[in-house]
Amino acid sequence: MLINCAVYQYGKKVADIPKPEISDYIEQSDAFVWVALRDPEPEELDEMREEFGLHELAIEDVQKGHQMPKVEEYGQTLFVVLHLLELDAEGKIQIGEVGIFVGSNYVLSIRNRSRTNFLNVRERCEREPHLLEHGAGFVLYALMDAVIDRYFPIIRALEAELENIEAKIFSGDSTTRASIEEIYMLKRKLMIVQHSVNPLHEAITRLHGGRVPHVCSPLQEYYRDLDDHLGRITHSIEGIRDMLNTAIQVNLSMISLSESAVTKKLAAWAALFAVPTMIAGVYGMNFEHMPELKWAFGYPAALTLMVVLDIGLWFYFKRAGWLGGSDQMITVKIKD
Amino acid sequence: MLINCAVYQYGKKVADIPKPEISDYIEQSDAFVWVALRDPEPEELDEMREEFGLHELAIEDVQKGHQMPKVEEYGQTLFVVLHLLELDAEGKIQIGEVGIFVGSNYVLSIRNRSRTNFLNVRERCEREPHLLEHGAGFVLYALMDAVIDRYFPIIRALEAELENIEAKIFSGDSTTRASIEEIYMLKRKLMIVQHSVNPLHEAITRLHGGRVPHVCSPLQEYYRDLDDHLGRITHSIEGIRDMLNTAIQVNLSMISLSESAVTKKLAAWAALFAVPTMIAGVYGMNFEHMPELKWAFGYPAALTLMVVLDIGLWFYFKRAGWLGGSDQMITVKIKD
Amino acid sequence: MLINCAVYQYGKKVADIPKPEISDYIEQSDAFVWVALRDPEPEELDEMREEFGLHELAIEDVQKGHQMPKVEEYGQTLFVVLHLLELDAEGKIQIGEVGIFVGSNYVLSIRNRSRTNFLNVRERCEREPHLLEHGAGFVLYALMDAVIDRYFPIIRALEAELENIEAKIFSGDSTTRASIEEIYMLKRKLMIVQHSVNPLHEAITRLHGGRVPHVCSPLQEYYRDLDDHLGRITHSIEGIRDMLNTAIQVNLSMISLSESAVTKKLAAWAALFAVPTMIAGVYGMNFEHMPELKWAFGYPAALTLMVVLDIGLWFYFKRAGWLGGSDQMITVKIKD
Amino acid sequence: MLINCAVYQYGKKVADIPKPEISDYIEQSDAFVWVALRDPEPEELDEMREEFGLHELAIEDVQKGHQMPKVEEYGQTLFVVLHLLELDAEGKIQIGEVGIFVGSNYVLSIRNRSRTNFLNVRERCEREPHLLEHGAGFVLYALMDAVIDRYFPIIRALEAELENIEAKIFSGDSTTRASIEEIYMLKRKLMIVQHSVNPLHEAITRLHGGRVPHVCSPLQEYYRDLDDHLGRITHSIEGIRDMLNTAIQVNLSMISLSESAVTKKLAAWAALFAVPTMIAGVYGMNFEHMPELKWAFGYPAALTLMVVLDIGLWFYFKRAGWLGGSDQMITVKIKD
Amino acid sequence: MLINCAVYQYGKKVADIPKPEISDYIEQSDAFVWVALRDPEPEELDEMREEFGLHELAIEDVQKGHQMPKVEEYGQTLFVVLHLLELDAEGKIQIGEVGIFVGSNYVLSIRNRSRTNFLNVRERCEREPHLLEHGAGFVLYALMDAVIDRYFPIIRALEAELENIEAKIFSGDSTTRASIEEIYMLKRKLMIVQHSVNPLHEAITRLHGGRVPHVCSPLQEYYRDLDDHLGRITHSIEGIRDMLNTAIQVNLSMISLSESAVTKKLAAWAALFAVPTMIAGVYGMNFEHMPELKWAFGYPAALTLMVVLDIGLWFYFKRAGWLGGSDQMITVKIKD
């Protein structure tokens, strides 16, 4: 679907043009054409390939989709693929793609499988004619900047998830299947973001620094700034990744600890039952000469003995933390 | 076994030729010879070595097999080894090999231990005479492209296996020997694919970018596209690998958790038995003065006490999740 | 907030000047201006941008904050971002930032979210006029040196925390939730410091060695010394990190060990109860011909048997370490 | 001990010569001397040092032994150290060493602590005079090829050990001390091979590709082939290493799983005993009014109740896999 | 404290000189001065700085201590820092430092916090005048060689500790707190050695190979030999490190295994008690019609039944290894 097809000159929009006129405007060296497509049909792509004279391998990449982010040069044409990441309602990450072809006087962006639009990019560009004057190179920068800026809220969402997981681990809620699944799912999301960011971070070095495509050369500082943004995202991902690996190990310790607590509880309660059972067993023996059996208060005395011993044991186990009390108290103290 | 032996000129097939004429055609600079062998006998290899003037070390590699994927130059001849991966009926990965010799006007492909054939490659080449005009370099590209394209379904199969394992882990089925074996076996398959892909990914950089063999130079974009494909495969492998390592750790947590659940169940049931046994013990004591023993409803009262206490305990344990109920309920809620 | 704005010439302070005169002094090549801001308002930043002619992307970085440490060149201007780390009262690490713009004859430092001030840096510079004569390059060095020097006490604090954790692990205190949380929190702090140090360590190589900004070139040894300091910090961080990972694993072993000790204790005590219960059961049988039941001392003999067996078992378990004694004794021996 | 000392010319052996004549022949540029020593005495080494004019540091390396594999140039002399690996009768890896000095017209090989001899290398060289004509460089290649070829069977032995360990893990035999020790010992052997192969793999790049020693330059393809062999060995080692690490983790899961199975068995059997004991306790109570006690078939009815309940429980536990049955059945199914 | 201060010419010692004359001799190009200090006072350092004209940053490094090993050039002066490692009586590693300043005709070594002296270095140098003739460069080599040679016995001590730990793990002694602490402490020591060796290994490449300081250039082979020594040490450290990580994991498996063994023992003994208790319970029931109760041999028959069943069970558990027997037997067999 065609979103937009316009000609810009001296940093200002000149006219919307129909698709077949694109190739005419491209030959004019002082204007540039900016075309935006969304989920295009194969025929539309074919049309674009002819109008702009694009390489068949690049067009194939756009058509097939599921490419890694990359920056490729086909002769004078720059072909950039970026991932568009969005969090859906259930917190899952949806991956769309945008392929951008940049020539010395045209930009063609083709967006696939994503609801994110680039209207604000066009607005921003039109608001800054002194930068837009740099032509296609600045449009590419603005598009990339918009895509990369949308990675930050996703990183923040993942960091929030990690904090949520940490809170669960140290509150003792971590020993359920659901918590472990959350840890795993965060790792998965992290991997998705990583696979969108890392190849782009590597590829973007081709747009600033040493030998760069002609169209980007007057905008070195701007592309380096994108590199810097990706660097920060990479660092954040590395950080979450590192802490998540630690969280997995720490959680295993917590599970072992809670297992140990269960065994202690089991042992304590077993003892609380074993004592009266043993005493009852003793007074259930059939010896002829057992003086206690004849005492008037033998029975209540036996019951009292049972209760007293159990109360004693109960306090002993409580103090030792085997009934779950003191250990949790310690935890609470530390959390406050 | 000889599969094919033909001469091509200006992108079109000219003639099938007998093997002994190969060396004659190689001397003609405007035609190229394309020969395909399958599981060749040593004598056939010797014949080829003489016709094409191949290096003995390369021929030895083909004969011995079990090489790593590689791209080597012997003077003007390019020698490429690729792994052919196939999933057999039981989901195991079978590894075949193809060795390709490329000179300025010949291509010799020797396929070993694989049922995969390259008929479609020949068809594709003959359908695109404008590309086949580039000669041996394009045939090499087409063969490599065909081999690499067949890696994708294998990667997808491994991803499906991983998803299957994840589903098992979080449904609680993961705590069996069989599940752990599946995890291990997936790791093994992953390693096989990795050993086929990684060396090739490294080697392929010699065919595009900087100084490349003469025969590949007009097809830079095409070889870079192969590199890009291998990059995507490498990323997918890294992703599966990473998640699998996490799955192993998470599964250990799940096993510990289920162990803990077993201990809780044991403890709960032990308590359910211990309470009536203790009460029975008390009323089994032989004290002379135990008023309850003389009550008309003493026995049913005692039985009722046992049952009531056990029902109480049962609900208590049920609510605490020690009988396996509430924890699974939580899991179910999260899975939906 | 403006902290300071002064002109220096030949290594000595000449005058405090009002902000609007900055641009006048910058044009004089034999003097340099040193301006320090703290948590500036956007208007102040705008003013500075105009006076010094700074790049909008760099100003944006300062305004937004939360940058990674970096060294960037915007034409002749050097832009350096450093993290200011402080331990607060609860031992948490607070991260502030300082952005430093350095031109051939000016230094502008902008400090954000940090209580640390740089008064001592100015004093040090004024005390060493022979070095301050090198101009802006030396001021940059002195500021960086002051920031990096403040990392050392934080590293020492983390090392102390690690030693504290180690002491707990090997004294047996490590098997509580609180200890595991401490381990995790140390890892988190370590990560924060790492994210402040590593990018800076990478970036600082641009200030010495090969091609360096003009303003730094006469101070090569000094910048290399900073690199060396960062190298030591990096090594310490790596060391803590490595030991902490080992500590996590060792702690898990300790937890498993203590779980095993609990099971042993449970087993030992179960046996101590089971023996008298079994004997009591035997003498509670209702056989008609049980000679012991008629003995005058049958009952005390049975009780004695119970006690004697239990004492025997108790010593047996004590010696085997199942009651917690001997294992702890061994530990104590080793710790002394 | 001197093994051999011969002069070769135009790819053919000319004569065996006594040691003192070595230095005479070295001066002749069209012949080369090939000397082989085994476990030499210090005096023999001194003699060689003088005859060939070798560097004292290299001689010291040979004398002390326990060097890493390496390729060093001392002026025009090439000094190569290789490890000779052999599996002894108990499957342990024995490490010998061979030091090779190569000049433009001599080869001196000194073998230490190894039963492996190089007779077949000499035979191979003499069988291929067209290659031996390349002189000392080819002899070096032939020696290195022989050494490296002997690494393959060791790699295969380690792979077989890994498969053996895998079979044990998934058959359930892995939960014994002996199995864990086998895993550890395989890791150790792997490390030994790795320490013999990795430094050599790094060093061998100096013998082909870019700037290479004069003596190796006409044999580029041959040295690259050695590099390729080492690459395959390195890949195999990495593979075993990777799978072994996974095996260690998987085995821990298996141990936890089998622990869980033991606990289940314990719980099941405890229940099977607890039910009759509880029923017996109930009918052991001393209430006056317990109608069942007076029934003629009360006792057999009670026994029947016990047996019936236990049979029911037994089937229940069997089906749930708590008695070890069904889980193993699943495993068996999967293994076939 | 001044240890030594002497002038050397043509490889031989000429005279001991007083400190103030140092600067005079330095100006003579055909002699060189060799000064050794130990734990110097600040004033001594100041004196040296003036006599030799050293850089203040280097002097500061020596004064503060706790530097990483490094090789730095200050103009024509080479500044080398090395760690001196010693094992004290309790097996702990003590870290001293030596800072060496090397100019074209002087060597100044400053040793701190170490009992190791360099007398033998001076002796060695004076014994080899043909090498000492190379001047300061050879003295530096000799000092570094002496320092690095002292790392080998420490590596061997750590290897011995690792073997000791392995022996404990596989003999079953590893499941105590003390063993785990030993593992951890070995890791710590390893880290210390690593932090002394790795930076030095990196730094030493500046003294041989490409562009090297003038003073080292005629001794390339000697410095490369030091690099080789450090390479061997690094390999050994990597090996110990790798095996230690494996040992930690294997030990955790062993602990889990021994925990499992405890649970089995608990289960077996519980069964041995439960059987007689159950039988006693049955015959403790109060049914009127229980024929066995009236049998003359009913009581001994019941006791016999209990004993026979327990003996049967005991053999069953013994064979299954649940009483600790057979598993240990297997282990013993494997160890021999």
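So that you can tell them apart, the chains are marked A, B, C, D and E in the order they are listed, and the count of residues begins at 1 in each.
The rule is short, and it goes like this: a contact is a pair of C-beta atoms (placed from the backbone, for glycine too) under 8 Å apart; a residue touches a chain by one contact, two chains touch by 3 or more.
Because the structure is a prediction, the values reported are computed rather than measured.
For the pair subunit A and subunit B, there is no chain touching both partners. For the pair subunit D and subunit E, there is no chain touching both partners.
Counting steps between touching chains, the shortest path from subunit C to subunit D takes 2.
Between subunit A and subunit C, the superposing rotation on Cα atoms measures out at 70°, rounded to the nearest 5. We define each chain's centre as the mean of its Cα atoms; on that basis subunit B and subunit E are separated by 40 Å. Separation between the centroids of subunit C and subunit E, computed from CA atoms only, is 25 Å. Across the assembly, subunit E contributes residues 249, 252, 256, 259, 263, 266, 270, 274, 277, 281, 284-286, 290 that each touch 2 or more other chains. Arrangement of the chains shown, judged by which pairs touch: one closed cycle in which each chain has exactly two touching partners. From subunit A, proceeding by way of subunit C and on round the ring, the chains are encountered as A, C, E, D, B. Taken in their complex, subunit A has these residues touching subunit B: 55, 57, 66-68, 70, 72, 74, 175-178, 180-181, 183-184, 187-188, 191, 195, 199, 248-249, 251-252, 255-256, 258-259, 262-263, 265-266, 269-270, 273-274, 276-277, 280-281, 283-286, 290, 292-299, 302-303, 306.
Interface residues of subunit D facing subunit B in the complex, by the touch rule stated above, are 166, 169-170, 172, 221-222, 224-225, 228, 231-232, 235, 239, 242-243, 246-247, 249-250, 252-254, 256-257, 259-260, 263-264, 266-267, 270-271, 274-275, 277-278, 281-282, 284-290, 327, 330-331, 334.
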